[in-house]
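First comes the structure, then the notes that go with it.
Lettered A, B, C and D in written order, each chain numbered from 1.
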Amino acid sequence: MKRPRFEASGLFTLLAAALILGAVASAAIPFASPAGAAAKGKLVLAWHAGFASRWLDPQEHDGTATPDNFFTAIHDALIKNQGTALYDYPALAEHFSVAADAKSATFTLRKGVKFHNGDPVTPQDVKFSYENYRGAKADVFKKKTERVEIVDDRTIRFVFKEPFLDFAILFGTANVAGPGWVVPEKYYKQVGADGFKQKPIGAGPYKLARHEPGVRVEMEAFDGYYRPVNVKQLVMISVPEAATRVAMLERGEADIVYNVPGELITKVGKLPGVTLAPVLSGSFFIEFPGFQDPKNPFHDKRVREAVSLAVDRRAMNQAETAGMGKPTGNWINNDVQYAIEWPEYPRNVEKAKQLLREAGYPNGFDVDWVTPLPTFYSRGERLIAQLREVGIRGRLQTMERGIYFQRLQGGLKEFPGTQIILHGVRIAGSWSFWYEGHFKCGGFNSRDRICVKDLDGKFDQYERSINPAERKKLAEEIQRGILDNYYLVPVFRHAFVNAIGPRVVLQKWQDVFPTITTGYAYPWEDIKVKD
Amino acid sequence: MARDAVLRVADLQTHFFTFGGARVVRAVDGVSFTLHAGETLGLVGESGSGKTTTCLSIVGLLPRAGRIVGGSVLFEGADLTRKSQRELRRIRGRRIAVILQDPMASLNPLFTIFRQVAEPAFFHQHLRGRSLRERVQSLLRAVRIPSPEWRMREYPHQMSGGMRQRIVGAIALAGGPRLVIADEPTTNLDVTIQAQYLDLLKDIQRETGVALIFVTHNLGIVAKMCDRVAVMYAGKLVEQAPVRELFDAPKHPYTRALLGSMPKLGSKEPLYSIRGHPPNLASLPSGCSFHPRCPDVMPRCMTEEPRDFRPGDGSVARCWLLDDVLTRS
Amino acid sequence: MATIPANTRLAARRTASGWLGALVKAAREAPLMAVIILGGLVLVALLADLIAPYDPTLPVKGAEMFVPPFWMEGGSVATPLGTDFQGRDILSRLIYGARVSLVVGLMGTLVAGGIGTAMGILSGYVGGWVDQIIMRVTDAWLALPAIVFAIFLAAMVGPSMWNIIVILGAVYWTRYARVIRGEVLTLRERDFVKLAEIAGASKLRVIKKHILPNVMNTATVLASLTVGVVIIAEASLSFLGVGVPPPQPAWGLMLSEARPTLMAGQWWLTVFPGACILLIVLATQLFGDWLRVRLDPQTRNL
Amino acid sequence: MSQFIIRRILYSVVTLFILSATIFLIVRLTGDPVALMAEASARPEDLERIRHQWGLDRSWPVQYATFMQNALTGELGKSFNYRLPVSELYFQRLPNSLTLGLAATLISLLIGIPAGIISAVKVNTAWDNVAKGVALLGLSIPGFWLGLVLILVFSVWLRWLPTSGSGDWRHVVMPALALGWYFAASMLRLTRSSMLEVLGSEYIKLARLKGLPDFVVIAMHAFKNALIPVFTLAGVNMVVMVNAAVIIEVIFAWPGIGRLLYEGIFQRDFPLVQGVVIMAGFMIIGINLFVDVLYAFIDPRIRLSR
């Protein structure tokens, strides 16, 4: 339903002002905004982490999953991931089309779309946002883009040097890159990049009311938004301690709580009026660093298969996320382009032992270290206990988060001897980002720990190919190659369990967490609160 | 005596109970003496003989484990041992004052001289403002403090030991007391200041007619200051006499020993030192407590505790020797 | 002692009041309570391998997670104090935890005491610019948060119990140094030290012969007070995720790992480790109080 | 007096220098911040870009020189994470930390000192034992456990107080109690022993012999003298409470400096960590100076001798 536009010319605003004064004096009826149902009520969201101010500026999107909360609240993009749309939900752009040869893409802006400060969203803003973008994947866009043409007062065309097949996915996925998120050029230049991060202006459903860096962000409904905004005040508070978040929920101080810890899932589920929202999130998988070396026990495919057979994915899922996660087949989440479905791996301790005997390890072997993704140490401990049952004896190695990532980027030399890494990650957009970051030789995280030559070769071929059908075939071939040879052993997709308080209107939790590509509660404008 | 008795102590007993009463120390064991206005009584004895405990018993400020278990202290017609703390507080500092031994520690380092001298007058005489200031200045002049209006604004650490002891003296007088107890006031002063201080006390006594108990172990001071002397040993008053009689004809062997161990100007005789060491007050020797160290010890001394004998020259002594002398003469 | 004014004629009477006073008196005479608790803990720590029913780092075969203590409904005698979120036996973890906490507590105090005493003596006795430098370092390091050290060491060498000991030592030696320095300053003026110097003793000899023995009782009293502080600090580091690394059972880690369960009603997962920490700190404080009075009344003002 | 001030300024400069050098070095040894800042699918050249952007590619001595140079002009650099000048971030959070620190100090004083006095005056009685028990309890309960129990009881069950966050006075009560409780115990012990020592002194005996009411003897004469060591401890505690209340701030989601530092350390936000620690250094110097001036005000002996 399109809301009637309110073309406030100078004269009319004066009249309206007089009207308001009269109304207030007489019966203090809340001044109904020209749009349909007025936004009302307040929603408080308790976060599990601190906010970094840089997350308020899409121009410096850091590629992680968290900033999309703020992008979707304060800013808006031409096309974005929302609901079941992976990347192509039309937002600021009424419609868009990608040329057949994928060498250009044209977007037509919605009429009368405005920024919070009233300035209209113009193609020049879109051009500026795209060219000035320096966040994640900025180099990919720069390398492949020829120029940005402003066709008329509502149309922009991006012309590429060569076929840019992944353009739409990169451009439209909030938790991958940010050039598609439009910022007001005049205001951005006026306050500068850092000033913008303190008082951002966007075209999103909420405008910033108050900002305590790292602690609290208060937003108010922007009535000029092209979709109805239900909740008047949206408040996000950073509450690092899980127990406190649950207490806030119990006491009604918070309406939505992110990341309820494993131990509290059952209890929170039983709280009166509270609904759990177990969003399938990061995928946890086992990596065998340096298995290419013949001396490494995991060099033998049967040993790797034995590990897969030894892992009790159901028990892990039940213990860690109260059964709300999903034991996986493919280590790549199914909500990304070209990801293949894969049946859940079976558990068979006897077959695992038998495989180990065949591979020459009748009474198992010792693993120097089992290193889980930091703070998920309990999963590491469970994995060790399960592997011990088949004779693979490992010891837990814990690290502080910063050091863990630094070690990963340090490559094989940081993981000498026989080691197992239980890594967990969530990347949106395309399966190729997973492969490139976590499997390819020289990838950001995988570095030189895996390096399967033939699969890397196919991946280069995939990157060069411009024929979508060929790319899809190659993508499936590569993924099957990984899973058949157990180069990586998927464990389970853990559930990022959130909790929704009694004041939020919903039939099922998916009403508040509709977007499948994220664990967060956007689009914000659709959330309703009981008054 | 023509003058009325200010203080009459009869058979005072003060014991210390430690370790839950298991160990009882009879610090003061039956002490009796009388004190008249304007008179100075010297209380003499080795350390640990009960001198200070006697004084504290009089003002009712015994340390935690101390208890008065017998005898009476009559002062201005009332027995202080019967009085409650509240009543005693109205007497302390107003009717009975005490001068302590260590001038460096007797004054509160954080308060001005004025405040500390003014407190008794402030609380007991309820003097305020101008009259209080004048009172303090007159007191300081009485103890011969130069330019009192300036000095009273200063702090204790800005004054010498002698000056501070005079301030303590002024504090003692602030309440207009009838009895002043000076507990070894000059021990910590060097000799020249000591003499000045003693003259000062003498002048004050003459002007105010205040009764004075002078606790010391220095017999030289006793000779100079006191009218009567009481010698204490192991919690008991072994001899009591006017100064002249005591120095000329000491009755009790312990008194003689004390006098013997006092160096005299120009004499070449070896100093006499009492053999043994002071008794353990928790387990006193049988009979006369001094018998293990007494040069004239008799078998009787070891078994029977001597009683007070009055040879008639105004002195009292608690020693069986006197018993024989009396019967013989 | 404070002077309680005497009152009227009284027969001899006991001074202590009621059984509480007697208890304290007993505790003050010989630190019965402290000796019992500490002795018991040391014994438990030494015999951990024998008395602990299960391996503390592995889940108990066939036991569920979050099993309550045996006396509660759903509890079982096989796991008397219940199981944690990994299904591991809490009793065994507490027993092994005693070993870790004692080692961290004692060794941490030793490191802090060692450095602190040395620095204190150095700055107090040698004086001059050495004193200034050490004092300025103690001032400066008061501002340094322990977590920075913790992560720095974990980064360089990998997290381990010994890291924690070094870190806690590095953080708490400054408090030691200040107290010991104050002590040495007064000692230095004392006659027997002056005489030793006049007699030609070298600075080192004076320190060894005169300063150190006199400082030792202050150091030991401070040590007894620091053990408790160090153990609680270890729990705090675990809370921040940089404490003794899992799966090693340490009381501080058990307590901080189980804190969400406090909200979930499974109180025993935090109460048992918390009670153990309370016990050991109580014992060391009592021992400290007794030591303080016993060794030297002068240290009463610590 | 001027000689005293010059000496103190010299001390402060040396202390700050040592502090800044230590934190500069240690923070850099905790790891490379760029690894955390870059996105999951970044490439090596991305890392170089970020490293250059923040000047982390220059040698350490050069970085330290620029850091100190800016610090002297009060500019503590810009936080990687918040893109705000560190000083601005610090002063935004400082009032919260000061409120919490003061409230906790107040609690520690209001509980610690009176209890210390009572247990000193009535030594070895039931009161004394109760006070000693409270002190022991205080020293042996970890702050975060106490914090969570407080939330559970007062906020979830009794619903009297808000669970966390900042706002009106009701938000401060529980965090201040959880933070102040430990320091109340140490304050109690020190007050008790300091009072015991003073009550045994000659001038207190003389004050009693003057027949002054007990209240005057204890509250005026004794307490004022006992106060000096108590103030030193209160000063030191105050600094710790403002800067090291990270655990309480995390539990109660209190927007203080402790949390800022805690997140800064984990995210290797070098300028933020360095800036906050330097400011903590300033605070220590300031409070030490304040306590010394307070001494001179209380104790005439000090006022004249310096």
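The rule is short, and it goes like this: a residue touches a chain if its C-beta (ideal position, glycine included) is under 8 Å from a C-beta of that chain, and two chains touch if they have at least 3 such contacts.
From a predicted model like this one, the values you see are computed outputs, not experimental measurements.
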{"item": "More contacts between chains, A-D or C-D", "value": "C-D"}
{"item": "Farthest-lying chain, centroid of Cα atoms versus that of subunit C", "value": "B"}
{"item": "Rounded Å distance between subunit C and subunit D, as computed from the means of their C-alpha atoms", "value": "21"}
{"item": "Gap in Å, rounded to a whole number, between the CA centres of subunit D and subunit A", "value": "39"}
{"item": "Distance between the centres, which are taken as Cα means, of subunit C and subunit B, whole angstrom", "value": "51"}
{"item": "Between subunit A and subunit B, centroid-to-centroid distance (C-alpha), Å", "value": "91"}
{"item": "Sequence positions of subunit D contacting 2 or more other chains", "value": "30-31, 148, 152, 156, 205, 208, 250, 266"}
{"item": "Two or more partner chains touched - positions in subunit A", "value": "241, 243, 247, 400, 402-403"}
{"item": "Residue list for subunit B, restricted to those that touch at least two other chains", "value": "61"}
{"item": "Touching residues (chain side subunit C, partner subunit A) in the complex", "value": "57-59, 65-66, 85-86, 151, 154-155, 158-159, 241-242, 245-247, 258-266"}
{"item": "Subunit A-facing residues of subunit D, complex", "value": "30-33, 35-43, 45-46, 78, 81-84, 89, 92, 148, 151-152, 155-156, 159, 162-165, 250-253, 255, 259-260, 263, 266-268"}
{"item": "Residues of subunit B that touch subunit D when the two form their complex", "value": "59, 61, 89-94, 97-98, 100, 102, 105-111, 119-120, 123-124, 155, 157-158, 168, 171, 174-175"}
{"item": "Contacting residues of subunit A [partner subunit D, same complex]", "value": "50, 52-54, 61-64, 135-137, 139, 193-194, 197-198, 212-216, 237-241, 243-244, 247-248, 250-251, 253, 400-403, 405-406, 409, 425, 427, 433, 436-437, 444-445"}
{"item": "Subunit C-facing residues of subunit D, complex", "value": "11, 14-16, 18-19, 22-23, 26-27, 29-31, 120-121, 123-126, 128-129, 132, 136-137, 139-145, 148-149, 152, 156, 190, 193-194, 196-197, 199-200, 205, 208, 229, 236, 239-240, 243-244, 246-247, 250, 261-262, 265-266, 273, 277, 280-281, 283-285, 288"}
